[in-house]
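These notes open a run of structures that come right after.
Shared between the two complexes below is subunit A, which pairs with subunit B and subunit C, respectively.
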Partner chain A sequence: MAGPIAGLGYYEKSARTSFGVFSSVLKARFRIVSRYKGALLMELFMPIVFAALPILLGVSIASGGVDVGQNWKDTTGTADFKAYMLIGSSTFMVVMLMTWLVGFWLRREMVSGTLESVWVSPAKKYLIIGGVTGYALIRAFVAFVLSFVLGSFVFGINLFQGNMLMAAMFILVGLLPLWGISFMFGALILRIKEADSIINLLQWVLSFFMGVFFPITVLPGFLRLIAQSFPPTWMTNGVRAALLDVSFFFETWYLDLAMILVFAAVFPLMGYGIFIATERRMKKTQGMGMY
Partner chain B sequence: MAQAIIKVENLSKTFISKERKKFLRPKKRTIEALKDVDLTIYDGEIFGLLGPNGAGKTTLIKCLTTLLIPSGGAAWVNGFDLLKEENMVRASLGCMLMGERGLYWKLTGRENLDYFGALYHVPKEKRVERITYLKELLKMGEFIDRTVETYSSGQKMIMAFAKSLINNAPILFLDEPTVTMDVHAARDLRRIVKQLNKEGHTIVYTTHQMYEAEELCDRVAIIDKGEIIALGTPTELKKSLNVKDAIELEGAIPKGVVQIIKEMPGVIEAAIKEEKRGTTTLGIMCENSRIILPKLMEVLLENEVQIEYIKPMDATLEDVFIVKTGRALSVDTAELAKEKDRGAGGLD
Partner chain C sequence: MSAGGTIHRGFGLSDLGLRQTFYTFLSMSKKTVVEFSRYPVSFVATFAQTLMILAMFMLAAIVFMGSESGLSELAGIMVYGFILNMFLIFVLWEIGFSIREEQYRGTLESLYLSPANKFSNLISRVFAIGSWTVVMVIAALAIVNYYVGGLPANDVMLALFVLFFSITGILGIGFVVSAIVLRLKESAELLVSVLQFFFMIFCAMFFPFYALPDEILNYVSRWIPLSYGVDSFRSILVGQTPELIANVGIEIVIVVLFGILSPLIGYFLYKYNERKARLEGSLAEY
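Showing the complex of A and B:
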């Protein structure tokens, strides 16, 4: 590489300025969302409303004389179906936030015209998307904790049951493969230039395979296999197993956690590879600014 | 002799476009947006890229700013290979490509500048210093601390211009920077562009305003249908016409008259420059206006042209475009704008 003919202005590539890219993107996302306060408030209530439907259904069936708790325990390992549902809907929200936020970010940048401004900068794409997914990750984790606490209060669930530290570990490690999934989702948005229809479809597919409201053991063999190849299913089950009397998939927590770590090693690399390949394709065909 | 800071060799770009007709399968069509373009821009010059929308100007800029990968050819920017050293090419550029659309409306101007400065790996302390300098230079005043959504169009353009300067890049790509500015703001911006150029920045400037190009640019390239059809200093280009005189005529001109004028002996080229509310402005390039004027008046009266004014003019860059293409740049651009208004290229 020959040196620049006319210098590079104020461009100074270093670990500090690279971290500056990541942190500036992250801060900018928080700044922007802080100017839409209503959206943040709604996010807290979403998993509670989402969990309320099956919980209320269960309560109404129970009031008909059937021992819902016992039936539920036979299938899942825990009688606390309310906590089961709330954990399911809260982890589901984490998954959706991670994918939605990245997808909507790309789509909004495309439409508003800022995507080209960002793409024309020398910042590495993994730092930019890292900043966005980092923001999504923090927002999703905080929303999980807050909505779980609020939901426990609303539905009368004992907040301090099970191993909370282990549950937090399953969420934090489980967020890593989600990072990769969000890259893949971003690539899909770049390719088809639409976010709403994918999200509408994906949220039902995801909730089904994650076992948001039911244990995936009730699924037929091949569907269970698909569900278990999806990292959030392991995260959801890990949190439930840590807090309730639900079994780990491999019977021991460390093997389940190891499995998520394998996903965490593979999915981000795979997702980033797919994203970069899609970006290159876009630049060969119509450019990044087309929407 | 200054060094070549941008060098383009045989650069081409083809797009596959799909033509949709009701329920039929879309028909694929290959569009050659750039056809083997060769171009050298020297360190420290203000280089104008002129051409109507759709001529390939934007495609060339997008290729040179790494937003598009060319289909063929090679290019070097600031000594870096466009395809192999993309990031260093980007580090060499300050870009104002999307006008006011390249900003975050929910962030303040200062926050926008800080954000984009970070994306250009400008250290925090330099960003703070640079923002203070740009606030002064562009007379941004208190609006720098308001969210962009509250800005007027002119203020948004100034902020977009400031954004392109945040990294103090050696090369600036300015795509129609004065388009929504009022006369005073546009004049100020041109003054700053000249100042930046004096400080050593190379500037690639696109515009539809011929007087801007004539006022600012050391050299200009006129692009049409993916090819550079003229390249040189504004004076060289005007001289190359071998046109001694140009005549501008405004009035109600019936259809077919332009063709009759074109066929008159002594007329080199004639084209409509502007059409507004039934009034047409016509540019006529000729060998000698004194000889041709009486004959021209005869033709105009015979064809019932209602003349509002007729006057001899000095040849302009617009006339260069007319002679080279047989069309006027301003009309081409206005027609494309109308097409856009009819829905093409709008939000889905």
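Showing the complex of A and C:
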């Protein structure tokens, strides 16, 4: 075993130990969540329930003699409003999980009084947070796929329409900027601690601007601009365009994907920068142990 | 202290009369109001969230309809159902889930050792959020009313009568949830979430009942008393024939019975579970 390093104890700084930190955090998170099977099940059904509400609204309007399919097609490009809603609510679930899981982890560590202990360990912070966000990333992707498949059966949606590979690519690339957003939510929790209601609100703001239940083209110009500055909006539209007859924002898939890649390059760096700046400030002013 | 200063066995100098019940309610309500006042951002966030949800459904409805004509009646159906949904959500979370919070904080057992009236204790949990919900409902109604150019509002007094008994009925559901929370502990959050969505869909709170498949309508929705509360409340205000039973009078009778019986049955179940938990010594366990 290597000798003690000043400030790091017996911690050996190598690729192996770095991966060890990352994988331990990841493993711990999955082990903990495996104890809450009900919560996992809920994750599968939530997007279906969310999608059911506007779908039933559409069905009720249709039974009044209105051609909702045509109306929906005129605005969005597709008459399949059920698939449109299900994709919207499934991607919303991805956003919710990515933002909340990181925030929830921080908050739980604060309340349990273990955050400070984690912070004073010689393990690199980005590896610990990387483990948590990696866990959120995997959980969100699996939740999306399973809830979409299950929802397709419930609503009688053709699962094999459109380009599924492209849709998966939009989701996977779209998760990267969300990774950055999750750091920002983490910083918010560090700063204001009891941030549940604000996070809830922000999640609804995101869902509003990413057009979960409606195309953002119905929004006024300035709101549409705000919506298009949110990476999840591009991810949702990309998945819809890949699977349904909805058009891409830039007309071609590669330009839309390129835009998400730009977000993917900027948001994680920006998010991590904000998180680290907040963390430093907390350490100087009140410490990490307060909650 | 009681009139004669009698010391009751197990109750000390506590007065078990109506006065004590009222003061327990008042003190506990004051405590929840103080607690809530410490989180002003939370109030604003809840209100903004409410408007966000409404806006999302309204925009979806506009795209479905292709134009804004006829939006007023549809908005009425959505918003009036949404009002009951808001009361339901807050009662479920505040009564049901606050018991869980007391367990978690370790104050539930201390509360039960005090001679304070348990009914007042339960009811007081919704006082603060109930009052805030009323404010939010009025504000949301005003905004939607302005946006759609006037919501239908036919017999407001009768609708308020139905709303009152629907809310007391919802309180009963809250008591039942609290009873189950005492037993379920950590799974309480999941139960409340599931119930919230169950009622949202099967009581057709955001859409007319005829959107539901016949099997669900006949074998689920019609068997939930709250469905009649939703149906009669909005059909009275919108001025249309109720969907579940064509005679609104019969629906109102069901709602009144629900409003009276549900809290009684719910409280009975709560007391039963509470006694069981006390006998087992599991009240403080979490």
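Heads up, the rule we're going with is that the second predicted complex is superposed on the first by the 280 of 291 C-alpha atoms of A that agree within 3 Å, B and C clash if a C-alpha of one lies under 4 Å from a C-alpha of the other, contacts with A are read in each partner's own complex, and residues count from 1 in each chain.
By definition in this document, contacts are C-beta pairs under 8 Å (C-beta built on N, C-alpha and C of every residue); 3 or more make two chains touch, one makes a residue touch a chain.
This is a predicted model, so every value here is computed, not measured.
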item	value
Superposition on subunit A - do subunit B and subunit C clash or fit	fit
Partner chain in contact with A:208 - subunit B first, subunit C second, else both or neither	second
Vertex subunit A; arms to subunit B and subunit C (CA centroids, nearest 10 degrees)	80
First (subunit B), second (subunit C), both or neither touched by A:113	first
Touching partner for A:200 - first (subunit B), second (subunit C), both, neither	second
Partner chain in contact with A:75 - subunit B first, subunit C second, else both or neither	second
Subunit B versus subunit C as contact partner of A:28, first or second or both or neither	first
Subunit B versus subunit C as contact partner of A:52, first or second or both or neither	second
Contacts of A:284 with subunit B and subunit C, given as first, second, both or neither	first
Least Cα gap, in Å, left between subunit B and subunit C after the two complexes are fitted on chain A	7
Contact residues of subunit A, present in both the subunit B and the subunit C interface	none
Residue ranges of subunit B touching subunit A (in the complex, touch as defined)	3, 5, 15-16, 43, 62, 65-69, 78-80, 85, 87-88, 90-95, 97-98, 101-107, 111, 114-124, 126, 130, 147, 163, 166-171, 200, 202, 347-348
Touch list for subunit A against partner subunit B, complex	1-14, 16-18, 20-21, 23-25, 28, 31-32, 35-36, 111-114, 116-124, 128, 280, 283-289, 291
Touching residues (chain side subunit A, partner subunit C) in the complex	38-39, 42, 45-46, 49, 52-54, 56-63, 66-68, 70-72, 74-76, 81, 194, 196-198, 200-201, 204-205, 207-208, 212-215, 218-219
Sites on subunit C touched by subunit A in the complex	39, 41-42, 45-46, 48-49, 52-53, 55-57, 59-66, 74, 78, 187, 189-190, 193-194, 197, 200-201, 204, 206-208, 210-212
